[in-house]
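Contents: one structure, followed by commentary.
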């Protein structure tokens, strides 16, 4: 029952790579490019136009680029004007607004709400129902766990937006809030249900509301093996570029 | 590729104003009224019937009224028996249950879940993924930021529902919980991640779990200009009725 | 306008009981069984295949079983390989992954995200936007209120998953987090916005971050009548098997 080409609509100047498959009831708007071997499952909207589309006869839909080998699960809404490196993987019902730039091999899970005008490095994992505000800057290998929110308005409502900045390899656990303009360094762990209101230095484990640095993450014992768990790259490799070769060997490359 | 009239279903006694446009795959149930110049984008359901529809042959769908100049983004589900003043603007995948009454120019953002049997004044802004319980009462110009929840059952589970009441111009920041029956006054600011368990007087800045009044909001400095930021109506006017004329002039009118 | 059989797709070896109704734009994949008198409303996906479906020509979709007298509201995505006892009731846009086993008469509300490989007893109520992680174990009559998250990774990211376990008749209030491997006993009440980081004994009222036991729930007064509110089964019977006969009589049966 795969790919019956039922009720699909494809706009103008859509470029589909070889072996791209589009599910039923999908809408692909103008100026979308989808890389080779990608799969768009049912009921997705790719290249959703911004509001001006409905009012301006001269509206031109910005280019949307989905890299090769991507897999977009059903009911995604991806706005025009976003760019995704190869190997994008999504859950269901994601929403990504315009101006989001993603590196390669990123994951965006079910119900994640990416507000656009933000940058994401390679291998980021945005889990279920995260909300990433405009003007956020995420490094590489950043993991944001479910229901975490990034915010950008320090005195709501205002016109003074400043998104958070998150360093490489940092983990933000579930149900946390990162306040406007906060910088979290590299290799940090933010504990569940935290509110991060101040900058956090590299290699910190911080938790609480407001989040306070508790210790150096390099002192947290593993629960799976002897030694410490963080930096996690020596303990976890599923889906990471160092899978099967180890982090140290990958870094040397 | 706008408005191809593909796979649209329109029930009985549906009244569409002049220049109303309906997107593909939409379902408009019986007794829906949509005001002039409104846009319903793809995959929306307007006038969703309540459970009795499926079991009772004599079921009559309650009237649903969407005011003029509204813009409903894709995948909305709006139940029969709700009323929206003109200028409604929505994000994607909103859900609004029966018996919700909205004033004019309200915003309901992506994934917001409005449980119905509630009242909302004019120019309310309900941001992404808020959850507003039944029997809530919101004044005018109330802003509720992402992932905030209003609750109505003081001893769950019980049959003793009491929704929150929120005064005009009050701002509830992200990731907060307002407990059953709580009254938040006018011109308040509730800080991020608060749990509001007691009534909050007018002009308070309250934060924490449980939320405690910290100070008068009129003493909070602006980050954008000299002077104080609150009441915010002198600092923020985008989309508000005092845009371009200033709050003081608007009040005098 | 009910059930027009528009744009429906039905896979191979789908077994529909008598009087089953399927809404427009639904997709029912291979090897789905739906019990008598069930209603699947519009835009649902039942038996969603796992990722291997798209890459493996020999993929066989696991069986999906929906019990009799179920009502699945629109835009549900239910993966292949889950089993639901009779009387399942859902809100809109639920997502249930593979390997979820539900008892009879469960409720899964709007936007709930059930990650699969979990067990749920009879008469569980999972309210709006809850997130239940893999390897969770819920007893009978467990109520999980909106935006509560269950987690299973104690040192994220790791490979050491342990889901929470929740005893019969326990209530977890809104916006709470239950940490990996935590056991909450029977007849507990977890207050709003808690983070449950340690095991909680039977009959406890616990609240806070981290959640601490405050008192025996049997000492909490009712707000509706003389006496105490908990155990709640004497105070609340809507939709429960003791409705109209009383809990004590039902237990004796």
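Quick notes on this structure:
In order of appearance the chains are A, B and C, and numbering begins at 1 in each one.
FYI, contacts are C-beta pairs under 8 Å (C-beta built on N, C-alpha and C of every residue); 3 or more make two chains touch, one makes a residue touch a chain.
Predicted, not measured: the structure shown is a model, and the values here were computed from it.
In this structure chain A contacts its sequence twin chain B using mostly different residue numbers, the overlap staying below half. Between chain B and chain C, the superposing rotation on Cα atoms measures out at 120°, rounded to the nearest 5.
Centroid to centroid, with C-alpha atoms defining each point, chain A and chain B lie 27 Å apart.
For chain A, the set of residues that touch two or more other chains comprises 7, 25, 43, 75, 93, 111, 129, 147, 175, 209.
For chain C in complex with chain B, the touching residues are 1-2, 4, 6-7, 21, 24-25, 39, 41-43, 71, 74-75, 91-93, 110-111, 128-129, 143, 145-147, 171, 173-175, 189, 192-193, 209, 220, 222-224, 229-230, 232, 235-236, 238. Per the touch definition, chain B reaches chain C in the complex via residues 7, 9, 11-12, 25, 27, 29-30, 43, 45, 48, 51, 53-54, 75, 77, 93, 95, 111, 113, 115, 129, 131, 147, 149, 151, 154-160, 175, 177, 179, 195, 209.
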